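Paired with chain B in one complex and with chain C in the other, chain A is shared by the two complexes that follow.
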Partner chain A sequence: MKRNKGMIIGFLAPAVIMFLLVFLYPICRTVAMSFFKIDAVTSTADTWQFVGIGNYQKLFTTDIFKTAMFNIGRIWLLGGIIVLVLSLLFGVILTSGIRGKKFFRAIIYLPNIVSAVALATMWKQYVFSPKFGLLKGILDTLGFHELAKTQWLAPENVFWALLFAYCFGMVGYHMLIWMSGIERISPEYYEAATIDGSNKIQQFRYITLPLLKGVFKTNITMWSISTAAFFVWSQLFSSVTANKATIVPAQYMYMNTFGGGNAVTERNAGYAAAIGIILCLCIVIIFTVCNAVIKDDDLEF
Partner chain B sequence: MAKENKIKTKFNLKKELKLAPGYIIIILWTLFIFVLLGWILAASMSTTADIFAGDALKFPTGLHFENYIQAWGSGGVQTFFMNSLLYSLVSCVLLVLICAPAAYVLARFTFLGNKIIQTSFVSAMGVPITMIVLPLFGVVANMGILNNISASKVTLIFLYVGINIPYTIIFLLTFFANLSRTYEEAAAIDGCPPSKTFWKIMFPMAQSGIVTVTIFNFINIWNEYFLSLIFANNDQLRPVAVGLYGMLESMQYTGNWAGMFAAVMIVFLPTFILYLFLSEKIIGGITGGIKG
Partner chain C sequence: MKRKLISALLCAAMVGTMLIGCGGGGDSKSSDGGSDGGNKLVYWAMWSEEEPQAKIIQEAVEKYTADTGVEVDVQFKGRTGQREGIEAALGAKQNIDIFDESADRVNRAWGAYPMDIEEMAKDYEAEHGNELLFKICRETAGGTLKSIPYQPYIYGFFYNKALFKEAGIDAAPKTWEELDAACAKLKEAGITPITGDTAYQNNAFGHHMARFVGQDGVKTLVNDPAVAEKVESGEIEDITWDDPKVAEAVKAIEDFASKGYYSENMSANVYPAGQNQEFAPGEAAMIWCGSWLPNELKNAVAEDFEWGFFCYPSVPGGVDDETANNVGAQVLAINKDSKMAKEAFELITYITAGEFDKKMTEEAMCIPTDKANGDAWPAELAGAKEGFDSTVTFYDEAVGAETNVDLTPVLNESVCKLMAGTMTADEFISACKAASGE
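This part shows the complex of A and B:
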């Protein structure tokens, strides 16, 4: 053991030092910053003015921040339902013994490796285009000429356009998580159920779903983490000025500190820090609630 | 164990008919993905006028590869592309060199703090970037290197490496934990020091895990947006994701839609080519199908 000490330290040191510099120190400093009024993000600590929870109070009385929280909440809840249901459906179909499983799986996952900027551009400039858009084309072909004229990117529709485009890109990843869970369920359960005369839907309801509880937890956690980082899509769908329909906390924070735009009345890096803390707390709360409600560690990842 | 070695089942009409609703849903979804990507590819080789006339798929004026040449050259994609390549490749190498030894030590040795370090890395994977970006920017800005091109490139690589460390370590840790201990025992009996055992025996044995995690890191860093947006404040520094965003903004005003789609394709291609050859490995890596 003694002679390994040098090696352990030597092997761990670079990673731990990087971790302290990139994660631990910034996290602690962000927590501290959220309790101060700070003119610019580059201001040194001696120019900070302590305001207690003033930044948080101010944020929750700022309309645009409340809108941003409402939007991210909608994306998390509605998008979460859409993505988790669709990905589970695809996962179940792909594991039901269809041909070309690997091919379909690879294609459905494909959007996940595309740069979000490129993917969002494809949706915004092509699918939702009012002139040559795919959606317009499909609706026209099906005979819904009135619906085809919809301006998908108009202020009243843009949130939904954004949500569906984002969900489309996320389905593949969650499908893979579901599939790995489904494939771990022993086929003997299904054989026994078939002998006892239960049909496919009953088997899904009484065997697959209960055994996927742990995987469900993984899915919710991963979905929450990616939602907290939601930024690119809003920026692409709303261009330079803040659009009330699509603004999210990360975007508001970016404007508050680095950007400007029309959303910011008073520059204060303390707000930005508080936004970071609030997003982080949301993830912690979701994670804790999930762990308390879903108790199943049989299918851990 | 993980792979089922089923003998190819014979075509059974009754069984296939039962699965028909499933086939229909899956085929519609994949068809949509094909149309989306296929149309973008077609549009990138068309002209703006043809796109607006709805003839992007008919190529009435032939194929226009000059869109690519123009986007690559005067559009500035070349600089962004080379930057991204540099950032991704250097970061991936550094990540392996930093994380593989750390993951090995964490997986193999019991010592005070092992558990805490592992828990810290796992928790860090859930920390949103918004939580750490402000102090990082403060430090970098106060160092006064934001106007120095090469210093900024080093900073960017440092950050890309830093934020991907927790994930890379946790991934490799599971991998090393699954490798058999017998090799190390044999090496120890022959008098090989543990650090040499790692570099000569365990590191090469972990090759497939290292390749998988490197593909993930490459794709992540290639597509990274938020950090690049904040720290790369100059066209000479920008990677593709941020560069593309800037180009999109300007191309909307110049009205060069074909050029815009060509730029989108150039950004999309490297990760797509990787995926084309390595999709099985990538998918296996996500679902934790690590075979030791």
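This part shows the complex of A and C:
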């Protein structure tokens, strides 16, 4: 082993150096930036004005940032429950040996291969249209005429419209992760359980669920990361500038980096960096809590 | 020993391959397909390739190259691409000769990069320059000329003349009372008086409020960080959300909402739902938008659609009247580090004057920028010409109402709710007051 040390170092060094340059340097720079007032992302360090924890203090006293954090919190929690439960349900159904598995899997996954811009446009201009929308048509057909008049994109409802549309697209992705986990479980367990007289629900509760703990952790982490970077959908459901009902931290960060909307506004890349750091910390906390709460190393199969 | 040697060689080979693979071409000075700064102009355009404006620019570029032999690398970045990329590229000294965006953005936000072209543009301005637009360019650049305007625009109320006639309205409203009366007649005739898209409502609100308190008043009201010093020094009066004039302005909108003058979809019309689904088919008579609207709707309106236009009406006892408008332009600027400034300026004249400026009016329904094309206004914008020519005070984008990013999302939502009648004037004021940090 000792003789190979040089070889190990030699082969690792380029990758490590590249990693440090491409990842560690931007991370350190972002952390440093968050303590300065900086006009543009590319401003040279000599133009930075040190503000200490001023950016963080301002963030925690700014209403719109708190609203953005509340919105992203709701998307993470409620959207997470909806997406993970639905995707698990579909995953279990599709791995239960039904006919047309490949077809349904492709259909459910399909929204993931369509551009978010196209999807969001379809949702807001067609599905949610109060004039000729799909939703209006369905509700009218079912006789819910009052409900059909709902202004889905009005400030009171637009958050839920956005959440629904986003979750619709995300189910397929998480379903695939669940399915890969379920398919890893040996069918022998189910056969043994069936012989012992357990029904499908019991099998799901006592075999599938416990053996999916690791996959669950993966799903939560993936969901948290994609939620923290949530931006395109909010942007597309907004007017030119962000809307209060759907604003998320990444959008607020963008507004402070590149300016908000058509007007020229004050920019502060340091303030935006502080938002990035806060989002990053949120993911680290979620990941740590998940690791502490969900132990998946007690079962081997 | 042998093994060590092989390891070292392998490592060296790997590192070498990586460096070759990851490194840029040694000879190229541009990393973005640009030229080497020798004999090719690089132009970063804010348009997307499929837009009519982009097609005309491309034609102008081809003509320029044919005439002069100077090749041009035009890169259509789109609005977002330009806003996100140009400053970083210019800051990194990337080889870019020409770039464009709105006068405000080029001259203020990116003001460190454009070249001063006062001398270079002297003859051009005398022959082709529109006085108002050059004034805008100079004022946004701190008193000197750093950009050439093109693609001018004006915000205002576009209206459907046929619907006005049907409701018995003879002339476009000039005052708030006249607008009130016109809306009442339209409503009586069963026509939705006003629709709009949420994207433009901050702009409409900015005009509305500025009629009462002026543009500086709007900026202080929203706590624009850029005027903070002037407020402190007492140079401009600080208008707060408790000001009676502000309450009067907000109540005027509330009053219109209570009379049902705004479309019921006002707060749910995410662009372009209002213009496409309500204004174009003739369900609503008026819409607040910029002068690009006829071009955007040219395939959506009926062939005999009659376009009307009027500026935001004046209000009793107000500060500004209909001669104060959000008039602006896109501008072309030359990078101060450009080694081909003379060629770049010549290309700009191809795009902004003469044949191709005229083509813009015909194919993209734009307002002409060359004063020699003064009579080439598209018929759809005839009403806007009157407003444009009569403008004495030009407002910034959204009349300064969008200058505080902490307030803008709240303001937009609140204005839309106020117009939709789901928020009262008092609720509106307290929501904006809290969000603007008062």
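Heads up, the rule we're going with is that the second predicted complex is superposed on the first by the 265 of 301 C-alpha atoms of A that agree within 3 Å, B and C clash if a C-alpha of one lies under 4 Å from a C-alpha of the other, contacts with A are read in each partner's own complex, and residues count from 1 in each chain.
Everything below uses one rule, namely that contacts are C-beta pairs under 8 Å (C-beta built on N, C-alpha and C of every residue); 3 or more make two chains touch, one makes a residue touch a chain.
What you see is a predicted model, and the numbers here were worked out from it, not measured in a lab.
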Touched partner set for A:N199, first chain B, second chain C, both or neither: neither
Touching partner for A:Q125 - first (chain B), second (chain C), both, neither: both
Touching partner for A:N243 - first (chain B), second (chain C), both, neither: second
First (chain B), second (chain C), both or neither touched by A:S186: neither
First, second, both or neither for A:I64, with chain B first and chain C second: second
Greater residue coverage of chain A in the superposed arrangement, chain B or chain C: B
Contacts of A:N256 with chain B and chain C, given as first, second, both or neither: second
Touched partner set for A:M7, first chain B, second chain C, both or neither: both
Which superposed partner A:V41 touches (first chain B, second chain C, both, neither): both
Partner chain in contact with A:N291 - chain B first, chain C second, else both or neither: neither
Those residues of chain A which chain B touches in one complex and chain C touches in the other: 3, 7, 10-11, 14, 18, 41-43, 125, 131, 239-240, 258
Chain B to chain A touching residues, read off their complex: 15-16, 19, 22-23, 25-26, 29-30, 33-37, 39-40, 43, 51-52, 54, 56, 98-99, 101-102, 104-106, 109, 111, 117, 120-121, 124-138, 141-142, 159, 161-163, 165-166, 169, 194-195, 198, 219, 222-223, 225-226, 229-230, 240-242, 244-245, 248-249, 257, 260-261, 264, 267-268, 271-272, 274-275, 279-280, 282-283, 286-289
Chain A residues touching chain B - in the complex, by the definition given at the top: 3-4, 7-8, 10-12, 14-16, 18-19, 21-27, 29-30, 33, 41-44, 89-90, 93-94, 96-99, 102, 104-111, 113-118, 121-122, 125-127, 131-132, 134, 173, 176-177, 179-180, 221, 225, 228-229, 231-232, 235-236, 239-240, 249-250, 253-254, 257-258, 269, 272-273, 275-277, 279-280, 283, 287, 301
Contacting residues of chain C [partner chain A, same complex]: 3-4, 7-8, 10-11, 14-15, 18, 22, 83-84, 87-88, 91-92, 102, 104-105, 108-109, 197-199, 201-202, 225-226, 264-265, 267-271, 273, 277, 396-398, 400-410, 412-413, 416-417, 420, 422, 434-435
Interfacial residue positions of chain A with respect to chain C in the complex: 3, 6-7, 10-11, 13-14, 18, 40-43, 62-64, 67, 124-125, 129-131, 151-156, 158, 237-245, 247, 252, 255-256, 258-267
